[in-house]
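Below are two complexes that have chain A in common, paired first with chain B and then with chain C.
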Partner chain A sequence: MSRSHIEFLLYALPAWLVPLGLLGGIEIAMRASGIQSDGLALPTQIAAALVAAIGDGEIFVRTAETIGAIAIGVPAGGMLGLLLGVWLGLSPRAAQLASLSIELFRPIPPVAVIPLTMLIYGLGIRMEAAIIAFTCFWPMLLLSRDAVVSVEPRLLEVARMLGLPYRQRITKIALPAALPRIFTAVRLTLGIALIVAVTTEIAANPFGLGYAIISAGLSLRPEVMYAFLIWLAILGWLLNAGLVALHHRLFGAAYGDVA
Partner chain B sequence: MNHVSPLLAPVDEASAAPAIAFDDIRLEFGGKCILEGLSFAVAQGEFACVVGPSGCGKTTLLRLVTGLLSPSRGEVRRLGNAVDGPSREVAIVFQDYGRALLPWRTAAGNVGLALEAMGTPRQERAERIDALLDKVGLSGHGDKYPAQLSGGMQQRVQIARCLAQEPRILLMDEPFGALDALTRQALQDEIAGLVSDSGATALFVTHDLDEAIYLGDRVFALEANPGRLADVIDVGLARPRDQLQTREHPEFLRLRHVLFDHVQKSH
Partner chain C sequence: MSMRNTLSILSRAALAVIAVQFALASIAAAQTKVTIGVPPVPEFVLPMIAVEKGYFKDQGIEATIRIIPGGQSMPAALQSDSLQVAALSTASLIQVTDSGLDLVVVSGGAIASVDDTNYGIVAGANSGIEKPEDFIGKKIGTPGLGTFFHIMAREWFRRKGVDWRKITFVESTFPQLADLLKARTVDAVLSTNPFLQRAAAPGIGGKVFHIAADLPDRLPPFVYASSRAWADAHRQAATGFKLAMDKAVAFEQGDLPATLEIFGKYVKMPPEVLKTLTINKLDTNVTPQQVQLWVDMMEKQDMLRNFKSPDALFRK
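So, the complex of A and B:
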């Protein structure tokens, strides 16, 4: 391990001590008060349940199911939203024509289409992926439209003065300029996708991490439920940290300080 | 102002036509009159400067020449032809270099964009880019991104990109307005040399009277509300000009007085 790695760990360590200390405090407080509740579990019990779920591989099967649905739904709905959003961003006329339809369909809560997708696909990964796709379509559509609309107008003037043909103005100016914002849209969309996936699993689909949480809760095993919750937190954190790192890698030097 | 009808004009008119001609231009924008009855011409190869108080339509005037904007009345001509949109013969250096450069492209990539637009074969581009960066004093900085360059260097990249177009008309909109005094003086001398080497016609907008006299063959003074031509002065100062000697020359000081009085009056 290099020197900078060690320095980074020393820098990051105190922030990790806060949640760990919190768990330790809860453990001590619960043992001292002798509290009993179906909704609570000792942090040590939760840790044991987490280790057990990792040991028998259940947690990985459940994770693969949820991530699998996200991996199908996000590209399907997100890609469609991206393409349409870029188009609406480039063509004010198309944007004007589409605006009412978007405002009418967008407020539909994604979980409200669960019954519809169940009719079409039954239960399972396809139904869940369809809901995720529906969910991701809208933020990608709106955010990529805005990303293209808010491209620095000066750059488009420069392109016209240089005599760039229309297609190259899109591929060489508008899209690269919109890219950092589009990537941020992907990040947001993935976060929403995870929420909707788990919601769907808890509400309807006997599948994935959401189902593991609800069935642990219903069978009065709070320590297992908490173990899966903590696992979800770690998963979400890893997902976002990975995307932030990728963002810096892709756009760091070239795009100045786009956060 | 030459009002020869096109029918009576000699056949070789194009070569003798002014590089830029404003013919009784009026421009309204949102119900407000920005420019009114503006007529003047800039000869080919001339370095013309435009000065005036803020709000006199200096930038608007440049945009009319680019073809990004059309007048409400009257006609703008470039090299004898009515302007009907942007042309590769016209390049413009914007003041806000930070927004005019593509942040995701290196200095070389930004200059290369002009060559890509012109369809320069790929294998010739690298050499041309190097020559252009060298011309503006940026050799060795080609692989840096705009965010890694100082303001003066970014403006040099923009100038190099404009020169890559090999324009016959070079428009500059307060290009050095955001730079510190020393960088500005260095760039003034460089742009004067680059323009005279290229043989292009320059239309240079500035609010700095000294800069206008120092660079220009002629200075057009505008007044505001609505923007119209107030005065034209011929600058007879010898070239190449020198930051110390030219600026201390009695003629320079006299012209400075004339322009200064004019600006005072129109305020």
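So, the complex of A and C:
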């Protein structure tokens, strides 16, 4: 291990001490009070359940199901939102015409469309992907519209003076200039997608991690339920960390840091 | 005709016979694929037995079991053909029919008889609740408002001369009920086994009111239903489903440990809980008269608008 690795670990360690200390405290408190519950489990039991779920592969099957739905829903909804957002960003008239419709439909909670999507697609990955697509469409639309709107106007003027056709104005000027902000939108959208996917699974769809959580709870295995919950936290963290790293790698030098 | 020609004809004929054999065999093996949705509760073990013991296969049904917690999504899943058969509470079947969905009963599931101890209201220890009137002004933890369980409890209070409108029912999930009672967030809980036993444990629960004792006898808590379109298009499978379930009932009645073992295959429960599970009286026969018992209760609770007759829920 190089010196920089050790320095990184020393830097990251204190942040890990907080959750670990918290879990230790819970363990001691629960053991001391001798608490008996169908809804709670000792952190050590949860850790054992997590190891067992990793061992028998269930966790990976469930994760693949959830991630699979996200992998279909986010590109589908995101691409549509992106295209429409870029268009609205470039055309003030279109933006004005669409503004009311967007503000009317955007606040619809994704969970409220579960019954509708279930009737159309039935249970399964398609229904979940449709809800995720619906969820991702709006933030992607708004963030990419704003990203294009805030592109340096002189760049677009130059493009117009050079007589670039509309398509090239998008591909050569608007998109590259807006890309870092659009990437931020993707990162935010993925976080929302994970939440919505798991919520859908808990509420209705017998697939994925949310289903594993609710099933374990109902079959009186709280330790398994929390194990999946912790796995979900790890997954969310990994997803975000991966995307932040990618953001740094792609745009870090040119566009400064991201939070 | 030369020897060679004869051989050639014979071999062709043999090939043709083999081809026909294959075709016939594949027709015989062509099974109707049925996905069955059931909640993770031992009462729904019958289709699991029928799969494991090959009873469905004998009827030309290739069945897959999907464990679906909570019953809310079942009607929509039937309508969208994600599930072909689903276990629905009889009350929920009546309610979605009242709202316009076209479902039919393919088999009965269970029977709640008056001596049933599986449905109960557990009063909290030291809650001071000893008789039905004591519930007035109190809070009862209920697994699902408006569900069959809630309807049964309200009917029980009505029969006991207690106005259920003066009782607060709050919704919770089954596993949380015992904790809510222990923490005194609620004064009593409405539950079923294995959760009932856990809520009634010393120090948590006090008096247990077994509500089935005062409700109509032979009340079917749930049935197996399909969309009418599916049942009409697959008459043989719909009839075969019931026959396979009859065999599963015989198995369940003859061997409870083996039944619970099969249940444990589909719903992973801690072994110590699995051993303590009990199963209600299962019965695949259900009549429009039995369904009417539910309709009567629901009408008294102002739950129905357009429901006509339970006869329409049964295939001709």
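The rule we apply is simple: the second predicted complex is superposed on the first by the 235 of 259 C-alpha atoms of A that agree within 3 Å, B and C clash if a C-alpha of one lies under 4 Å from a C-alpha of the other, contacts with A are read in each partner's own complex, and residues count from 1 in each chain.
The rule we apply is simple: a residue touches a chain if its C-beta (ideal position, glycine included) is under 8 Å from a C-beta of that chain, and two chains touch if they have at least 3 such contacts.
Being a predicted model, the structure only gives us computed values, none of them experimental.
Look at A:86: by the touch rule set out above, it reaches neither chain B nor chain C. In the superposition on chain A, no contact is made by A:141 with either chain B or chain C.
In the superposed model, A:176 lies in contact with chain B only, and not with chain C. Of the two partner chains placed around the shared chain by superposition, chain B is the only one that A:160 touches, whereas chain C remains out of contact. In the superposition on chain A, contact of A:70 is made with neither chain B nor chain C. Touch criterion not met for A:186: it reaches neither chain B nor chain C. Touched by chain B in one complex and by chain C in the other is not one residue of chain A. Within the complex, the chain A residues that touch chain C are 37-40, 115, 118-124, 204-206, 211, 214-222, 224.
Of all the residues in chain C, the ones that touch chain A in their complex are 40, 66-69, 72-73, 76-77, 79-83, 173-176, 178-179, 182, 194-195, 198, 267-270, 273. The touching residues of chain A, when paired with chain B in their complex, are 152, 154-155, 157-165, 168, 172-173, 176-177, 179, 251, 253-257.
On the side of chain B, the complex with chain A involves touching residues 66, 68, 86-88, 90-92, 94, 96, 99-100, 102-105, 113-114, 116-118, 145-148, 161, 165.
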